[in-house]
Every structure is written in structure tokens, then in C-alpha cells.
Amino acid sequence: MGSLRDVLSPFTAWKHVIETPVTLKNPIGREAADRYRGFHQNDTEKCIGCGSCETICQNAAIDMVPVDDPKEGDSGLRPQIDYGRCCWCALCVDVCMTGSLTMSNEYTWVDTDPDAFRFIPGVDEKPWDAIAKGYQRPGERMLSGLTRPEMMEMEPEARIDNFDEIVAGYSREQAVLEADRCVECGLCVATCPVHMDIPDYIAAIREGDYDLGTQILYETNPFSEVCGRVCTHKCETVCAAQYEGEPIAIRWLKRHIIDNVSEERRLEIVGTPQVLPTGRKVAIVGAGPAGLTTAYDLARQGHAVTVYEAQDHAGGMMRYGIPEYRLPYDALDRDIAVIRAQGVEIKTGVRIGSDITLAQLKADNDAVVLGIGLHMGRSTRVPGSDAPGVEAAIDLLRRITAGEEVPVPKKVAVIGGGNVAMDIARSMARLQKQKYGAVGVTVTALEDFAHFLADKEEVTESIEEGIEILDARGPQEMVTFKSGKRKGEVKGLRTWKVISIFDDQGRFAPQYDEADEIVHEAEMVVEAIGQMADVSLLGDELTEALQWNRGRIAVDADGHTSEPWLWAGGDSVHGPDVIHAVADGHKLAASVSAMLAAKAEVAK
Amino acid sequence: MKDIDKSFKKDTETDFPLREEMRPRKVTTPDGQVIDIDPLQDYFCQEPPKVHRKSYSAIVEGFYNWARANSLWILGFGTGCGAIEMRPLMTPRFDAYRYGIQWRPTPRQSNLLVISGYLSVKTLKRAIRAYEQMPQPKYVVGLGSCTINGGMYWDSYNTIKKLDEYLPVDLYIAGCMPRPEALLAGLMDLKKLIRKGEAEGANRYAENFDWYKANQKSVIKDWDMPDYSW
Amino acid sequence: MKAEALSKMTNVEEVLETVAEFDREAHSFYTDLIPKVSKDIRYIVEELARAELEHIIKLRGLLASPNMRAHLKDAILRPVADRRFSDAIQAPELGDAPDDQEVLQYALAREQTAIEQYSELAANTPPGPMHEVFSYLANEESKHKSDLEALYYQIVHSGGV
Amino acid sequence: MFSFQPDRSQYPDIGPDGKFEIDLETGKFLKLWQGPNHPGITGNMSVELTVNGDEVVEGKTHVGYLHRGFEKLMERRTFIQVFPIVCRVCVPEPDFNEYCYAAAVEELAGIETPEKAKWIRALILEMGRFNSYMMSIGGIGGALGNGIVGQWLTYVRDLMLDRFEELTGARIYHMFILPGGVRAGLPEGFEGRMEEVLATAERYLDDTEKLLFTNAVFKKRTKGVGYIDPALFESYGVTGPNARAGGVAKDVRKDSPYLVYDQLDFDVPVEHDSDIWARATVRYRDLRVTIDLLRQILAKMPKTGEVMTSLPNVLHWKIPRGETYIKGESSRGEYGYYLVTDGSGYPRRVNVRGPSYTHAMALLEHLIPGTNIADVAALMVSLHTYPPEIER
Amino acid sequence: MRELIEHLTPRYSLGAPVFQRPGLTFVDVKRDKLRALLLDLRDKHGFTHLVLLTAVDWLEEGRFQLTYLLNNRAADQTLGLRLYLDRANPMGDTIHDIWPTAATYQRELREMFGIAFPGSPRVDEEFILEGWTDMPPYRRDFDTLAYSQQTFVERGGRETHEPRATMKHKLYPEG
């Protein structure tokens, strides 16, 4: 041991004396790498305050603090980060639903005050706010799914000659996958008109607890079958998942719950009123969503409720306005059965105004609630619009539902770009297919596809079914036969091209190209541009006595009209929408019930 | 994150008897006396340190502070993970020595204690002892989230959450863990504080000795360390 | 008849006075109509009446303004395009109890007539103050008409469910 | 020259088993604490030595100074929330925790790792090994009075930290290996900059060889010191370089290939003397292998491909009941994670098997009696233990 | 591996094996058969390496699971032996004489789970914790956050808000 080499060799280290030092001249503030996970930045405009960052933070470093007033789809909260907790793992950045939260590559923060290390990125100004370098998510978020499972639907060929329901509903596997995507921020709850506990029932799906799910649904909405199919799902428009990827299919998940609970089980879960009858009587006009929801709530509080319906079946617009292939009648009946089970009496085929007067109802009951729908179609009133062969969409739909014979010509033109236009176009297409084996429906809408009123899937499905949809066409005239046997009858629709429909401010300001004129050949022209309520049942006296608000009955926040005994809600007051009508129903019931309780107090 | 078990109460469990050496008992001392001891209650080193008075002359004090600021001698005691980022400072690349900063192996030669991250209760006991052994004037720098508010061990049963409950901290550096550059920036800031005469942690410790001791005792059981002179 | 009376005038003030008088007539027409229609749609007629009144006030303001011509020129620099949306909508006879759509149709037709008349007058007047005032008036009516069309779209074309 | 015979007349009695009867009252023994603040560079642990003259007669390892209760903390964090904290278990080589945890979760949750992610994981693990060996060899030099090696190699390690930083976005705690893959691919021009670091490293290693491994003093102090009988390897759970220094070619990368190690061409260096010298040399040689592996990985890595699979929503990610054990070859030996799940969103139990656990406790306590005080630090450092992975 | 398990099962009355992946198997074992089985595995079947010894607390089932993980390097096989102990009176058998390193594991289990291993060297000495007066912290019924809050002081001044509740409070307080 110990050769001469072992003694001399270490001295070679002296060669480093003449090397350039590796020392950094000024190490303080040396720029970190481009990807460095430094201090947080938040684009507060983009941020929606969903709180996913707070949920995922394993250090409890993030608090959601109010920065702004909440509005739809934005809680107004913004993350405040405690650098006495943070570990710079960037899971908050990875999970961020909007991609607003990022990290700069700045890393130096020295302070004598330990409380200074709490700040709201993007709100409290920091020197690194404008630094572009730092950790950003490389692509879309990957800590939760981006896309919905595809909904099983009937193929166009299979569905076009019948009125069977198109959408199959999610399977358990699909529903769990979809429910899994929810981050439970609850932003949707405020937007839902009835404030359904959406995250909770989605959680119930994940857990496979459909009984609990049903219970949650019924806490806020007795029309889960209906809303699970045709809800306008405002909730999905504010869903945090939409910013990267698709919003959660909340509507389909609701339907999935109700699909998995039998009618009998549902009755067991919901039960019957658990209170003694109060002896108070309430009459409700119209067995639509608003009326029936009111009835459901009031009946569960022990009041005797009678619903009067002019048509032969309960359901209102849900039955007579929505085609069967979107909302099967038996699904609607299952919802109504639960409501009936609460002791609600529904008298169908009774038209208020002609069969019984409103005054009579007023006399017989403690309160009257108006929940009438928009059953009258608007006409364009262009030349020829009163010709034979011109029909109102809503009227046709009603007749189809009621099983009445409707004329089915080979060529039909529809005016309108809303869901009703699609409904009648697709219904007529089915009837044509049954009768002639071919579809001949043209839809002309004033709006262009960018401003279309109908749901996207409605348009897609209509086109799949062979319906021609022409956007941006302004109706000018119903062309009629000028002579011959069919003189005066409709033979077509003349339209102009609409170049643009709204101006820069989004005000209605259409511009036409008169050179682009088309005459759409049709033996029937269906007007589906809008609807209104038939308020003639009120009678002149009451019409005059009531307060009105731009054509609709004026009500206060609780749905109370200017007459102390009369409440009104639903489509005729707040415009057409099932879920809004349900929300109105709850409000009306609460208001009526409060009044009845006050009466009972006085009686004591 | 799992929900907290609200029903949990510490120290109410009776199924787990204390270890033999932690129970109160009688002990015979080498000189034959029999004394009672209670390891969980007996504390030593109760003698408070003295407040380090400023010099009467502002010029002299200014000179002292200048000298102190330019000789930060750090105790080579890495209490937590952050210690690993101190090592590059000792090497040629970052070379903290050129700023008058160096590391010493014993507290008796150091005036700066860097608490490099979390402190387990067991280490807290040693850190306090090391700090108390350091001659005045002395400074404490808290490194990283853990010293500020518990950091990632905020729910650990074995680490303290707020360093300033137990030791007087002059300066904090954010990060988990702070890079050597940030640490160096912090030390430069500490120098400025010292020159301005604002790094008064040690005097705070002396003035509020009872408060600090009470806090220390609330978490450290079994304080079996001898008394020492300040 | 309107056009005839106006075409003979040579004075801007006179024209504006006369037009204000026309508007006053229109205002009283709508005011008279209010009780005739059902209460739920009365707001439309009330709005129409109010619009006429606002127009009168505007004309009065213009008359009182010292630099009236500048105002006129300024206004016609930003011509309002006729959208022609309601061209195909027929002008109805207002019966005893017209519905909301009929009232709007009627009002639209009135505006249409007015636009046409003022435009024609403007076209037949050589450049100068009189040309400006007719252009201005045509412009005003176009504006009014497009407001009405927007209202019509909102009420009638609610788009359906 | 001259021989030195100690006068044993003053020595304490030796019991029938050949060991000292330790009785502090005799005044012939002294308690000497090494640590916790500075026992070489091994981090915060302490050895309670009982010495008799220069000879240590008993050593007890004390740990727990860095105990944070990780295994408990993990039980109340969701599977994704565990991800940021695992790397903290071992400070100088955190990536093994990330890899083992991610692989364990992937196995129990049935997630496939993309091919490219496997290569990047292997790259990171080897980079971590590089750093760890740099610290270790520097530490051995430092503990034996050759601090300059520590200075050099810490500088080289810092260059590798720069590469870590640009790849993973952090210097020490990379938090880069997520369950399901890795966070990102290689940055532009990474290979070239890596090659520069490796070339620099080789240059400094050549110098280290001359200064340390061809050094009479170093040899004198390490050869024949701290001998571990290879027969003890199995009973004391000795793995990794400590075993390889004793002629046992234990290496998980070869014995049970994981990630892409079956596609890499490398030999496991083995020494036979099982003393401090052999342990230092085997690390030095393995470091050379690591540098070669880094080059191989960068050359063979697929240039394109996904680096991350999409995960189920991690906010309520549940993994069915099961248990698994994932291991890898860290710079200190077999590193493993034992993960038990119970079908909930939280791990039932995570047990970290750090190699230091066996090396620093029973083995060290077994080795210490009979050594010279001056050699204790070298012995500890040569075992290459990291206390945080002992107590977690 | 399957052959070995089949071979050992009758002799040591093993439970049903779980073949987690090629190279990793878990099997239940009875306490009275453990020692003989370990010796057999070590001496005859090449499972010479004790990888780890740890416990899992199945609080709901009232038992502790001890996992002995053994490795056969030549065959690249890892075998996990699961032994269940009554949680009310957990008592294990020391194996430090088979693997001396097991003493460390047993000391940790004694401290962290409160499982006794009579006869294991220094098993009752403090290991990781110092001055611990509460229940063993790795037990499932020990809540670390609750303990932490009751023991240590946190920095105040923090308050969080739930998005859903905030929006309800501000947008539809009555609903």
C-alpha cells in the first residue's frame, strides 16, 4: 500500500488554480428556467371562482375569498394563497378548470412579517404579475375528463318513421364516467331556476345510490322525467367543465337517476303528505309544470288542491307542445302519477271561462293560481298568411298529440328557427315518412346559424332526418294559387335572404338581399315564430282590474298578482321554459302557503 | 382531503400507559439524596437570558452593526429539507463566503440560526438548545413555508406550525424549498436589517422569555437537558 | 296631403313647426286608442304615444337651438338605413279592439308612409336648408321605424320554445 | 519502525462473551453523542457512542429528528394529493418516491403508462442517482478530510440541478412523475445541454480519481476499515452499492427490470473487499455507469409520443381494494413502496421501504463496536444513509 | 410461484393466494405457522431477503394486518405474508433471530401501532418519537389533524368561502 503514485497524484488538483472560476457574478435574482414553478399568477377575468384549486390543495394553502359580487357562472370568489402552506406542486394549476391559474418563474420573496405571505394572485399586485415565463399547463387539463360519453341515440333511419323516443339514456358505466367529471364546484346551482342540488345528485350517481339521488331530485323538482329529457339545462351553460372540453351532461345524468328507480320505488321514496289536512282549498288553472308543481308543494303541506285543465290530459305544454319522440307521454305520466299520489285532484277537459268562471273558483277556494301556457301561435301576417294551408305550429302539435287527423302534404314549409319550428318540422317529417315514405320539409329561419334559437342538437338531428334547414331567410309572402280549382290555397313561401340580423350592439337590425329571393314550394306553410297566452279566460272585468307588465300579468317576486286571491306563474308570466315554470310553481306554492298560514293564524 | 375527526381528543386515551422512563418516580442522586422527578413536568434551563443593550453611542452602535452584518456565521444545523439548498452556497458556484457568510459546526461560534424548513418536536428541542447556546447578538431566519404556517406538514402530529411561537424570527424566505439564490437574497436583506439595528429577535426572546418558554413547554415533553450558562 | 302642404313651404322653421303639429296629431290618435285596446297590450300604444311626444320635444329643442343647421347636418351625416323588415307586413284596419300585433303593424305602416314622403320631398328639394330638414325628418322616421321593428321582433318573433 | 502495544491494565473488564461490560459508573467509559446537527453529511440523525479511549464500544442510532408522519399524512390525502408529498420523504433523491408511488397507484388503478413517459421517468431516476452519488462521493471525501472533492462534486450536482429545473420545473422536489405519466416532455435542446453537464462531470470525476482514489491517505484510512461480512447481507437487509461492494451483484435494475432498464445496456460494477474503500469505489464506478446510462436513455428515447394518460377525475378518484409493492434501485439500494388500498378515495396504508432503514439502524449498530472514533463518520458516510427515509 | 404456494399451502394452512402480478404474491398465514414458514422459505426456497415488515390497521374489522415481505432474488419473486392480529390485544412474535434487522421494524411497529413483540431487542425504547404521551399515531383512530390543532398553534387570519354557499347567500338567499 502507498505507492509513489498515490502520493503524487493528488497534487494534480493544483491545476485548478489556473482555471476560470465557476462562481456566478451575481447569483441573486438569477432567472429560473422557463418551466420553473414559481409564484402564482391568476387571470381574474378568466377565473370563475369554482374552488377546484382549493379542493385539490393538499396543504390547505388556498382560501376562496370574495373579490367581486357573484354572478351566474362566477362565484365572485378568487383564490388566496398562503405561502406559509404552499409547496409549489402546481396541482392547482393542473386542475384549474379555466386555465386562469398559472405560475411565474419568479422565486424570491423575503419578508420580516410572516403574515405578508398571503395574497390573492391577480388582485394583490405583485412584481411577477406580468412575467410570461413559468409553469403553465402544457395542454388541456388532464386531471379530469374532457369529453362526455356519447349518448346512445336511434339512428336517423330507424327513428324517422315513428314517434319513439330517440335518446336511449346513459348506461350505468357511461353515467359513472360522466358523473366522475364533475368537480362539485356548485356554480350550476345558482343558475338552475329551481336551484337543484346538482353536485349532490351527481355524487349519488357515482356512489350508485339512486334512492338518495331520487330524494335529492324531488327536494327541488317533481318533474325529473321531463327535465331529464327536455330541460333547457341553463346549468350546463355555466358548468366549469365547459372551458376546456364539454360541460357535464347534467340533464342526462338527472334522467339516468330517474331511469334507475322504478315507479313504485319512487312513490315509496317520495311518500305521501306527512301532515294533517289543513282544510284549506286551492284551485289551480292549468296542469302544466307551473300548476302541477304548485299543486305538489301545496298538497304536501296538507292543503286540498284541485287542478283544472282544458285539454283531455294533464301535462300542458309538456304534453301538447313537446313531441313524443323527445318526451314520451308515459314518462310524463310517471311524473304526474307521483303528484297525483300526493292527493292532488286533476280535473281535465274543464275550460275556465266557459265551463267554470274564474269568479266561481274564487268563490269556492281560498286561493286561485293561474298556470296557463302559451297555446296560441303567432302569425307573420305577411300577405297570404290567412290563406287555407297556413297553419300554426303549436296548434298542429296539439292536434297530433290529441290524436286528431292533421293534413299531411308532400311538401311543407316551416317559418321559424326555434325549437317549436324543429318540433313541428320533425313531427311533420315523421308523418310524411309514414304516409309517403319520403320527407319533404323545409325550415326557413330569419336568424342565421350563428344566432339560431333552436338547440344545436335539434338542428343536427333534424338535418339527419332529411329536413332542409335554410337559415337567414325572411318570409315575404305566402304564395297562393291565383286561379284554378285550388284558387286561394297556399302553393309556396317566398323569402328573401337576410344578410345580417343584428347590428354591432346586438340590436335587431335585419338587412336583406332582395336579389336572393326563393319561392319554397309547399302545400302547407307552418308558422312557428312565436306563441302567446290566451288570457281571454280572465274576462274583461278582471283584465281591467289586474296590473300588467308589458303584455303579461304583473306579479310580485312571489308570483302574487295585484288581486289578493290570485297568483300567476309559468310560461304566461315568465316566458316558455319548463324548469322556469317549476321554479315559479315552488314560489307560488310558498306564497300561497304563507298566505294560508296567515289566515289560519287570524282564525285562531 | 379526509375530514377531520371532530371527536378525537388528545391525551384522553388510557389504554396506552406512559413509558417507564416518563413516569414520575423517586431517584437517588450520586450523593445519596432521594428526589422526586416527573419527566413530563420537570424543566431545566429556566434561567432567562439577558437583554443585549445597545451601545451608548450611535456611532459605535452603527459600527458594531456594520461589523455584525458582515460576519454572518451560520450554525451548520440543517433542521429540515431546506438544508440541502444551503450546501450549494458553500460551494464555488454561489460562494456565500465572499459576502462574509460562513458555516460553523458549533453554536458557540455562530450568530445565525437558519431554521431550514419544518421542525419536528424532537428537533425543536435541539434547535432551541442550539439557539440558546449561541452568543448574542444572534439572529434566526425561517426558511420556507413550514416555518411560516406549517407548510405541507400543516396537519402533522409531529411538526410545529408557527416558528415564531417558539423562537424569535427575524426574517422569512418564501419557497418550498427556497432556492440558494433566494436564500442568499434573504441573507442580504438580513444584513440590511442588522445594519439598521432592526434585527432584534434575540432581545425579543430575552424580554418575552416566559412566553416563549411556555409555548415550548406546551409541545416539548420530556425536557431532559441540563442547565447551562448564558 | 302632408307632403303637399310641406312641399310648398320655404322656411325650415315652418316645416319643423308643421311636422311637430303632425306628431301632435299622431300623439292624440294613440292617446285616444289607449282605452280601446285590452289592458294587457295597452303598454304598446302608450309607448307609441310617448314616442310621438318625445319626437315633438326633440323638434322643439331643435327649433330653439341656435345652431340648428349644424345639428341637422350632423344628424344626416349618419343616415339610418331602412331595414325593410316590415315591408311584407300588411297594414291592417284598426278595428274596435285591435290586438298587439295589429297595433304594431299599423304603427309600422305609418312610419313607412312618413319615410317615403320625407324621402321624396328631400329628393325633390335642391341642396340647402330645406333639403337638409327633409333628409333629417326621413332619417328620424327611419330611426323610429327600426325601433318599432325591434319591438315587433321581440313581441311576435319570440322564437318559440 | 516501531510498534505500539496498548497498555490494557487500565482497561475495563471484558465479559465472558468477549465484550466489555459497560458500566458508566466505573468512569472508564464516556458517552459521546454524534449529531444530530452534524454527523458528517448524513443529515439529522445521531449516534450515541460509548467510548473507551479512542475505541467505540457501543453505538446506538437515534433517529426521528425529521419525522413528519408521512405515512399518516398520506392516509388522509386523496391519491393525487399524496403525489406532491411523497418526494419529501427523501430529500437528496426524491424521484424514487415519485416513481414508486406513481407505479403503485397505476398498478392498483389499472392505468397504463405511455412508453415515452417510461423513458422520461428512467431519465429522471438516473439524473437523481447522478446527484445522489455526487453528494455521496463528495461526502466521503469531506468526511475523510478532503473537502475539495465535496466542493467540486456539489458544483457538478448543481449543474445537474439546472437540467432538472428546465425539465421538471423545480430544483429539488421535482413533483414531475404523476400517476399516469410525467408532466411534460423534454425541452428544446435538452440533450445538448445535458451532454455538456455529463462532459463536465467526467472531467471532475477524472480529477476526483486522481485526488481521492489515487491518494495514499485516503487509501490508508479506508482500506480494511468498516468491513461488513457478506454473510450478514441477507440477515441485515443490505442492498444496493453496500452489497455490491461485498461481491453481491444485487441491483433491482438487473434482477427485476422496471421501466426501460431491460432495453439499456449496462453492467453492474462489483467490488469484493466490502470495506469503506470498496463502497466508495463501487459508487464511483456506478456513477460512471449512470453517466453512460443517461447518454443511452437520451439516445434511445422515442422522439414523439404521449407523456401522460388522462386520468379519471382526481378529485374523487377511488381505487379498488388491493395491495402492491413497487421497488426500484436507488443510489442507496432497494427503494420500495408498499401501498394498500381499501376501495376508498384515500390510501389505506403506505409504507416506504427506504434502504437507509436497514443500513443506518441495525447494521450500523452492529458495525460500530470496535471502531476508532475518527472512523465513525467515515463509516456512516460510506453506508450512504439518508435519515428522512428512515423515519419518514 | 403457483407451485410453491400449492406446495406450502397444506403444510402451513395458507389462505387463498393473491397473484398481484408476476413476481408478487400475497398470501394469508396463521400466527402459529409463521415462524416455521419463514424459516422454511428462507432456508429452502431462497426467500433470504426480508424486504419489509409493516402493519395495516383494519380498524373497522378490528384487526391489524402484519405484512412480511420476502424476496427471492434469484427467482425474482416477492412473497407477502399477511398475518392478522387481534386489534384489542395486538401481540406479534419477534423474528429478530431470523433476520436481525427485523428488530428495527418491530421497534417501529411497537411505537407507531402499539403492537407488542416480546423478546425483541430494545423494542420498548423510544425510536422515532420523543416524549409521546398519546395513542400510537399510526392507528386509524388517531386523527393527526385534530391532534395537531389541539397541540400546535396555527397562524390565524384565514377564512374560506364555499362557492355554492356564497352564491346562494348573495343571489338567492330565500331559495
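Per-chain numbering from 1; labels A, B, C, D and E assigned in written order.
Please note the rule applied: a contact is a pair of C-beta atoms (placed from the backbone, for glycine too) under 8 Å apart; a residue touches a chain by one contact, two chains touch by 3 or more.
Not measured: the values here are computed from a predicted model.
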Out of curiosity, which chains are bumping into both chain C and chain E?
A
Chain A and chain E share contacts with B, D
Would you identify the chain whose C-alpha centroid lies closest to the centroid of all protein C-alpha atoms displayed?
A
From the mean C-alpha coordinate of chain B to that of chain D, what's the distance rounded to whole Å?
28
So, what's the distance in Å between the C-alpha centres of chain D and chain A?
57
Counting only Cα atoms for the centres, state how far chain A is from chain B in Å.
58
Please work out the Cα centroid separation of chain B and chain E, and write it as a whole number of Å.
34
Which residues belonging to chain E are in contact with no fewer than two other chains?
126, 129-130, 137, 142, 144-145, 155
What are the residue numbers in chain A that touch two or more other chains?
22, 32, 58, 82, 84, 87-88, 114
Two-or-more-chain contact residues of chain B, please, as numbers and ranges.
1, 92-93, 122, 148-150, 152, 154-159, 162, 176, 179
Can you name every pair of chains that touch?
A-B, A-C, A-D, A-E, B-D, B-E, D-E
Can you list the residues on chain D that touch chain E in the complex?
63-64, 67, 69, 71-73, 75-76, 107, 234-237, 239, 250, 255-256, 322-325, 327, 334, 336, 338, 340, 348-349, 351, 353, 357-358, 361-363, 366, 391
Chain A contact footprint on chain C (complex, rising order)
38-44, 81, 83-85, 87-90, 92, 100-101, 105, 146, 149-150, 153-161
Within their complex, chain A touches chain C through residues 317, 321-322, 374, 378-383, 393-394, 416-421, 423, 446-447, 453, 474-477, 507-512, 514, 528-531, 535, 540, 543-544, 546, 548-553, 575-577
Along chain E, where are the residues that touch chain A in the complex?
155, 157-164, 166-168, 170-172, 175
Name, in rising order, each residue of chain A that touches chain D in their complex.
1-3, 5-7, 9-10, 12-13, 16, 22, 32-37, 52, 55-56, 58, 87-91, 95, 135, 138, 142-146, 180-184, 203, 206
